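Common to both upcoming complexes is subunit A, partnered first by subunit B, then by subunit C.
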Partner chain A sequence: MNMHTQPQRTPAETALIDAFGDRLSLLPGDGAVMLKRDDAIEAIKHGLPTRRVESWHYTDLRRLLSVVPDFDPAAMAKAIAPIVEGSAVLPVLNGKSDAKVPAIEGVAVQCLSEKLIDGSIAPGLDPYGSDDAIGALNTAFVADGYFVDIADGAELEKPIELQNVQAGGQTHVRLAVRVGAGAKAVIVERQAGDGAALVSSVSQLVLGEGAEVTWLIVQEQPDTATHLAQFKAHIGKNAKLTLFVMNAGGKLVRQEVMVKTTGEGADFKLRGINLLAGDTHSDVTMVLDHAVPHTTSTEVIRNVVTGKARGVFQGRINVHQYAQKTNAKMACNTLLLSDDGEFSTKPELEIFADDVVCGHGATVTEIDHDHLFYLMARGVDEKSARGLLVKAFVAEVIEELDDETIVEALEARLDEWFVTHG
Partner chain B sequence: MPAVQDTIDRVRKIDVDQYKYGFQTEIAVDKAPKGLSEDIIRFISAKKDEPSWMLEWRLEAYRRWLTLEEPTWARVHYPKIDFQDIYYYAAPKSTPGPSSLSDVDPELLKVYEKLGIPLREQEILAGVQKTDASELEEPSDNVYKSGRVAVDAVFDSVSVVTTFKKELAQAGVIFCSISEAIREHPELVQKYLGSVVPTSDNFYATLNSAVFTDGSFVFVPKGVRCPMELSTYFRMNEKNTGQFERTLIIAEEGAYVSYLEGCTAPQRDENQLHAAVVELVALDDAEIKYSTVQNWYPGDAEGKGGIYNFVTKRGDCRGDRSKISWTQVETGSAITWKYPSCILRGDDSSGEFYSIAVSNGYQQVDSGTKMIHLGKNTSSRIISKGIAAGFSQNTYRGQVSAHRKATNARNFTNCDSLLIGDQCGAHTVPYMEAKNSTAQFEHEATTSKISEDQKFYVMQRGIPEEEAIALIVNGFVKDVIQQLPMEFAVEAQKLIGISLEGSVG
Partner chain C sequence: MLEIKNLHARIVDDGTEIIRGLNLTVKAGEVAAIMGPNGSGKSTLSYILAGREDYEVTEGDILYNGRSILEMDPAERATSGIFLAFQYPMEIPGVATMEFLKVAMNEQRKARGEEPLKIPEFLKRVKEAAASLSMDMAMLKRPLNVGFSGGEKKRAEILQMKLLEPKLCVLDETDSGLDIDALKIVSDGVNALRAPDRAFLVITHYQRLLEHIVPDSVHVLYRGQVIKSGDKSLALDLEANGYAGVIGEAA
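And then the complex of A and B:
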C-alpha cells in the first residue's frame, strides 16, 4: 500500500508544503527531530492518501481535505472546565502548552517542546507506515503538547485532563504518556475549540506491567473544524487499558486507534460512540495487534447517523503467528436515521495463529419498529420515543464504565448533543 | 513441535500425490504464436470465424487493457506475470468443430473418462433417443426426467463437445459453446455479452474480453424450466497456455436453470493463468443457480506451479423478483482471486452466495462476493466457510452495499474460518456500505480452530483422528454443501476430505 504519486498537487497539499517552508525556522527540535520532519513532509509531497489506499478507502483525504487554513498566531483559545470536576487540567491552547501546570503527586509533567528540543522524543515520531498520513502531518508540524510520566505504583485519585483547545488556524499537538508498573490512572483527552481549524493530534501511551488505565477521548470540535487524530498504545504484561471514544463534532474527522498488546495477560477494551449530524464525515479506524500469547480484547462501537452525515468504522484485529490463545471480539452497531446519511464499515480479522477465538459482528439498521410501537402504545409521542431509543442505544456503552462520576459526566455530554441535534 | 513436523510431512505427501487430475495428455494442438497483440486477437477471431462486430469488440477491449494496471489490493503474492509469455490460443487439432462424439479424438475422450465425466455414455443415451423420431416430435416426459446432466467440455481454448443439445433444444433451451452462439445466435450475444461485466470492468475481465477463446452459452426462454442440470468441464492441458473462457447465461421471464462447472489441470512446475468471465442475466421472476467445484492444480508441496485463478463472475438480477444463487467449492488453484457477485437491480430480487474455500500447502485464496442492492425490497444472504491448513492464506473479502433508493434492503452475512495448524492464516475483510436508512445489514464472523471437545467426542466413539476432523469439517461446511446439486454435493464432500488429508497435526 504505497501512497500514489499524484500528478498534480491539490491546493491543500500545496498549502501544507508551503506552510512547512514558512514554519521551519519556528519549529522546535534537534537534528534528529528535524530529520524526521523532513521525511514526514516528503511523504506529504507524495500526495495525501486517496480511496485507492486501502486504509483510507472510505475517507478520501485528498478529496475531502479541500482547504487548509493558515497558521494564525493571533488565535487565542481559553481553557475549558474539565468534564470531571476536580481533574488536573493540562491545557494545550492553540497548539501551545502551559509551562506552569499544577504539580500532581506521582506524576512528572513536561512540555513536549522540551522533549523535541532535546531530541528524546525523536524515536516516537516515525509514522507507522507509508499510509500514515496523520502521523506524517503531525511529525512535520508538531510544536508542543505534553509528556506525562506516571510513576510506578502511583494511584491517581483524580483524572488528568489533557485539553487540546483550538481557536482557528492550525494546531499540531502530541500527548505522550508513560504509565509505570502497577500504576492506576484515568486520563481524559479533550478535543474542542471554536474555530475552523486544522487539528492534528497524536497520543502515545505506554502501559507498564500491571498498570490499569481508563483513557477517554471526548471530541467536540465545531462543525467547521478538521480533526485528524491518532491514539497509539502499547499494553504491557497483565496491564489493562479501557479506551472510550466519544466523537461528537467536527466537519472532517478521522480518529485512528492503534493498539498493540506487548505482554502476556494484556487486556484491551474499546468502547466508542459516534454521534454524527449535519454533513460531517467521521471516520474511526482501529488496528489492534495481538502480538503475544494470552491476550484479550473486546471492542464495542455504537454509531448514530443523522442528517447528511457520513460515518465510517474500520476495525482490524491482527493476531500474530505466536499469539496463541488470543480472545478477541468486536461489534459495530449503527443506527442509520436518515436517508441522506450513510455508514460504511469494514471489520477485519487477520489471523495467523490457530488456537484463538476471534469474532466480529456488524449491523446497520434503523430503529426497531416494534420498540417504537411499544413506547408509543404507552402514550409516548413518536419524537420522544425515538429520542429515548437512540439514547438508550448509545448510553448502554457508557454505562459499562465502572466509575460513576465519569458515567455521569459523559451522559451529560450526551444529553447536550441531543439537545443541540434534536 | 513434532506434531507440526508430522503435519508438514503429511501435507507434502498429499500435495504431490493426491492431485489425481495432474496427468497430461499428448494431443496434437493448433496453437497461436506466443504473446499478445492485435494480430493475435485477429487470429483468434478468424479461427473462430467470428463476425466483424465481435472482432471490433475484442480489439476495443484490448486497447482498453493496454491502459490498465494489474490490481494489487488482494492479499495474494506472486511474481509478475509476463503476458507476452503465454499462448492465448491452443486447440486440439483433430477437432475442427465435431458434429458428434465419433469425430472427437479418442485421446480427448480418454481425458474426460479419466476425469470421470462420462461424455460417451450420455451421448449414446441421447443417440438412442435421437433415432426415435416420434419421441423427437413432442417433448416427452423423458426430457424432463431429472438426474441427467448435459455437459459442455472445454479443452484448453475450445469447447470440444456439448451433449444433450437436441433434447434441450426441444425445450427451447440453447446450450452450446460461446463461439457457436456468436455464429448462430448473434442477436442474443450482442444484446447480452458485456452487459453485466463490461469490457472495461477490471484488468483480467478486460483481458478476457480481448482474448476469450471459448466457454458456454445458455439461453433459457420465457417460462421454461430447464429440464436438466447443465454443466461445463474445463480442462487446461497445454503448456504455457492461458485459459480464458467466457460464459453467458440468460434466463428470460420466469425461467429457471441450474448450471455447474468443474475444472482441473495437469501438474506443472510453471504457473498457468486462468482468467475467466461469467455473466448471468435473470429477467423478471427468473432464477439462476450457478455452482462451481474448482479443482485446478494447486501447486506442489513447495508452492511451485499451480494455476492462477483470476476470475470475474457477476450476476445481474435485472428483472423484478429474480434470483441468482452462487455456490462454490474452492479447493484447487495456487492463487484464487474471485468474487462472484450479484447486482440486485430488480425490485424484490434476491442474491445468494454460498462458499467453501479450502486451502492447503502454499495456496492463497482471496475470495468472497459483492451484493449490490439497487432495487426495492431486495435481499441477500452470504454464507462463507474458509478452511486454512498447511502454509496457506485464506481471505474472505466481501462487499454489501445499499444504494440511496434501495428501500428495505436486507442482508445477512456469516463467514466462519477454521484454522488447522499454526502456519496458516485466515482473514476476513467485509465491507458494508449503507446509504438508505431502511437497509438492514447483519454481519458476523468467527475464527477458531477445531474444538478439542468436539474432536474428543468423535474420537471417543472409535473414529480415527483424521476422519474425525473430516467429519467435523464437513459439519462446519454443511450449510453450503446443502446448496449444491446432489451429484456435486457428494463430489465436493470427498474433495474436501482429500484436500485436508494429512493436515492433522
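And then the complex of A and C:
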C-alpha cells in the first residue's frame, strides 16, 4: 500500500491495529485466510493512504478517517423492506449474515463465514494493486457476508437484495456472487443503517458466458457513517453487466468499482448518481480494464452537489494491447447547487491498442435558467421548479435502465432523498 | 383586462432598451393582434408579460385586471391566469410531460383554492385535449418537448393552454414552423378557447394566422412602441403594402 514511512500513527490507524489484535481470535478462517489477514493488517500498519498516493489524491483517507468506532457486537440491526417488492432478501445485520435465508430456485446461498472457515474464498481476498486500502481493511476484518451461486441458465424472476445494515460500531462484509452461463438476474446491494459506523463492504461478481446482470448499489448511510466499499467484477464472453450506483448518504464515502472484461463481446455499463448534501465527502473511483478484443463499455455519472458537500469521480479506462475494437465512452456531469460545494473529476484513458474508440467528457453546470423560466411560466413555483429540474437531471440516468419496476423503485429512493434534502 | 402604460424595458445584461413607451389596452373577450417587423420588440413584450428575468422594466406599468404585475414572479403571473405560448418551447430532458402537466394544472387549481385533480379526471382531460389537437398520447409519454418537431411543440403549447385555462393568452409567433394543416388545427384550438372572460394577445409576422384567428384589433409595433392601431383591415393593409407605409406615417 502506501510505502511512505509515517512519522506517527493517527488515532484511526492505531484503533484499527489494536482492534485487529482484539478481534483475531474471533475472526473465522483457515490458515490461508489468516495469512491474507496478516498481510492486510501489515499493509494498514504502513499507514492509510494520503493525498500523495495518486489513486487517493482527492480523498486523503489518513486525514479524513478521523475516528474509528469500536466493534459493537450487541448492536441490533433490522432488515429493511426491499426496494422492489417481492425480492429475495439476504440480510447482513451488524456484520452477521442469516443462516436461514429464503430458498431461491436456481440459486445456492452460503454464509460467507463458511467460505472463510473452509478457506475456499481465500484467493478472492488478495489486494487489488498496491494502494488497496479498502481491500486491506476488509480482508483483515471480514467475518461474514454471503456467497451466492446462480446456476447456468437460471433466469431469476425477482431481484435478490443483499442488505448490509449497520447499527453502529464496525462492520466488514463481503458479498460474492457467481452468475452461471446464460443466467439472468437483478441484484440489489443495499447499504444502510442508523449508526455512526465504519463499514467496509466488498462485492465480487463473476459473470459466465452470455450472463446478463443488472446490479444496483443503493447506498443510504446516515451522515455520521463512514462507508468504504468496493465492487469487483469479471465479465465473461458475451456477458452483459449494468452497474447502477446511487450514493445518497454517508459522511465519508468511497465506492470503488473495478471491472475487467475477460471474454470477447463483453459489455459493461456503469450508471451512477451521487446526491451530495451537508458536510460530507463522497468518492466514486472506477478502474475498468478492457482486457480482450471486441468489448464495449459506457459510463455515465451524474452528480448533484448541495451544501458543503465534496464529491469525486475518478474514472480510469485501461485498454490492453490486444484489446482491439474496444469501444468505451465515459461522461461525468455535475449540477452544482451551492457556492460551498465542490466536485472533482479525473477521467483517465490508458490505451495500448491502436484500433479503438474511446472518449470522455465532463461538465459542471448550474440549473438552466431558460428551463426554470419555462416551468415557472406554467405556474410551478420556483422551489418546485428547481426540484423538478434537479430530479430530471439524475432521473435521466435512472430511466435508461429500461425496466419499469427498477426505475420506479429507484425513483422512490430519489424522492425520499429530495424529501429530506430538497 | 390588460393595460400597458408607457412601458419602457431593457435587456438586463447589456442595458439595450427594447420597449420604449409602449401603450396598449386589451379588453376581456378581445383578440388583439400584435404585428411588426423583425426586431420591433414583439417577443420581448411577450417575455416581459410572462416575467422573464432577462428584461428589466425601467418605466411605466403593466396592469392585469387593474393590478400591477411587475413585482410578480413568472409562477405568480401564471397562476393568476397569464399564459405565454412560447415561440421556441424549451426541451426539458428528464421531466416527464404528464408529470409536468399534472403539477402545472394542480398549481393553477391551488391558486384558485380548488382540490388537486384526481388521476382519472386528469387523464380524461389530457386525452380530450390531445385528441382535439390531433396529438398522439404516445408523444406525451416522452420528456417535455424532447424530440418534438417544431409543429408538435406548438401543438403541445396549445395543449397546455387548453388544460391550464388561462384568462390572458399571449401567443408568440405560434404560426411559425407550422404547415397549413397544423396551422388550422392550432387555430381551431385557439378559437375554441375564445370566451367573453378571456383575452388573447396574438403576436405574428404574417396576416396568414389572422385569417384563422380573426382579431378584434390589430396593433403595429415598431421600435418598442405601438405606432398604429386599427381593426382587422389593418392587417390586410400591411400584408398588401408592407410595414414601410405605416412606419413612414408614424415617423
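Keep this in mind: the second predicted complex is superposed on the first by the 419 of 422 C-alpha atoms of A that agree within 3 Å, B and C clash if a C-alpha of one lies under 4 Å from a C-alpha of the other, contacts with A are read in each partner's own complex, and residues count from 1 in each chain.
Operating definition for what follows: a contact is a pair of C-beta atoms (placed from the backbone, for glycine too) under 8 Å apart; a residue touches a chain by one contact, two chains touch by 3 or more.
Since the model is a prediction, treat every value here as computed from it, not as a measurement.
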| item | value |
| --- | --- |
| Partner chain(s) touched by A:L375 [first = subunit B, second = subunit C, both, neither] | second |
| Broader residue contact with subunit A after superposition on the shared chain, subunit B or subunit C | B |
| Partner chain(s) touched by A:L389 [first = subunit B, second = subunit C, both, neither] | second |
| First, second, both or neither for A:T345, with subunit B first and subunit C second | first |
| First (subunit B), second (subunit C), both or neither touched by A:A74 | neither |
| Residues of subunit A contacting subunit B in one complex and subunit C in the other | none |
| Residue ranges of subunit A touching subunit B (in the complex, touch as defined) | 54, 57, 321, 324, 334, 336-339, 341-366 |
| In the complex, subunit A residues that touch subunit C | 369-371, 373-382, 384-385, 388-389, 391-396, 399 |
| Residue ranges of subunit B in contact with subunit A within the complex | 73, 404, 417, 419-449 |
| Touching residues (chain side subunit C, partner subunit A) in the complex | 50-53, 73-75, 77-79, 83-84, 86, 89-90, 92-95, 100, 103-104, 107-108, 111, 143, 160, 164 |
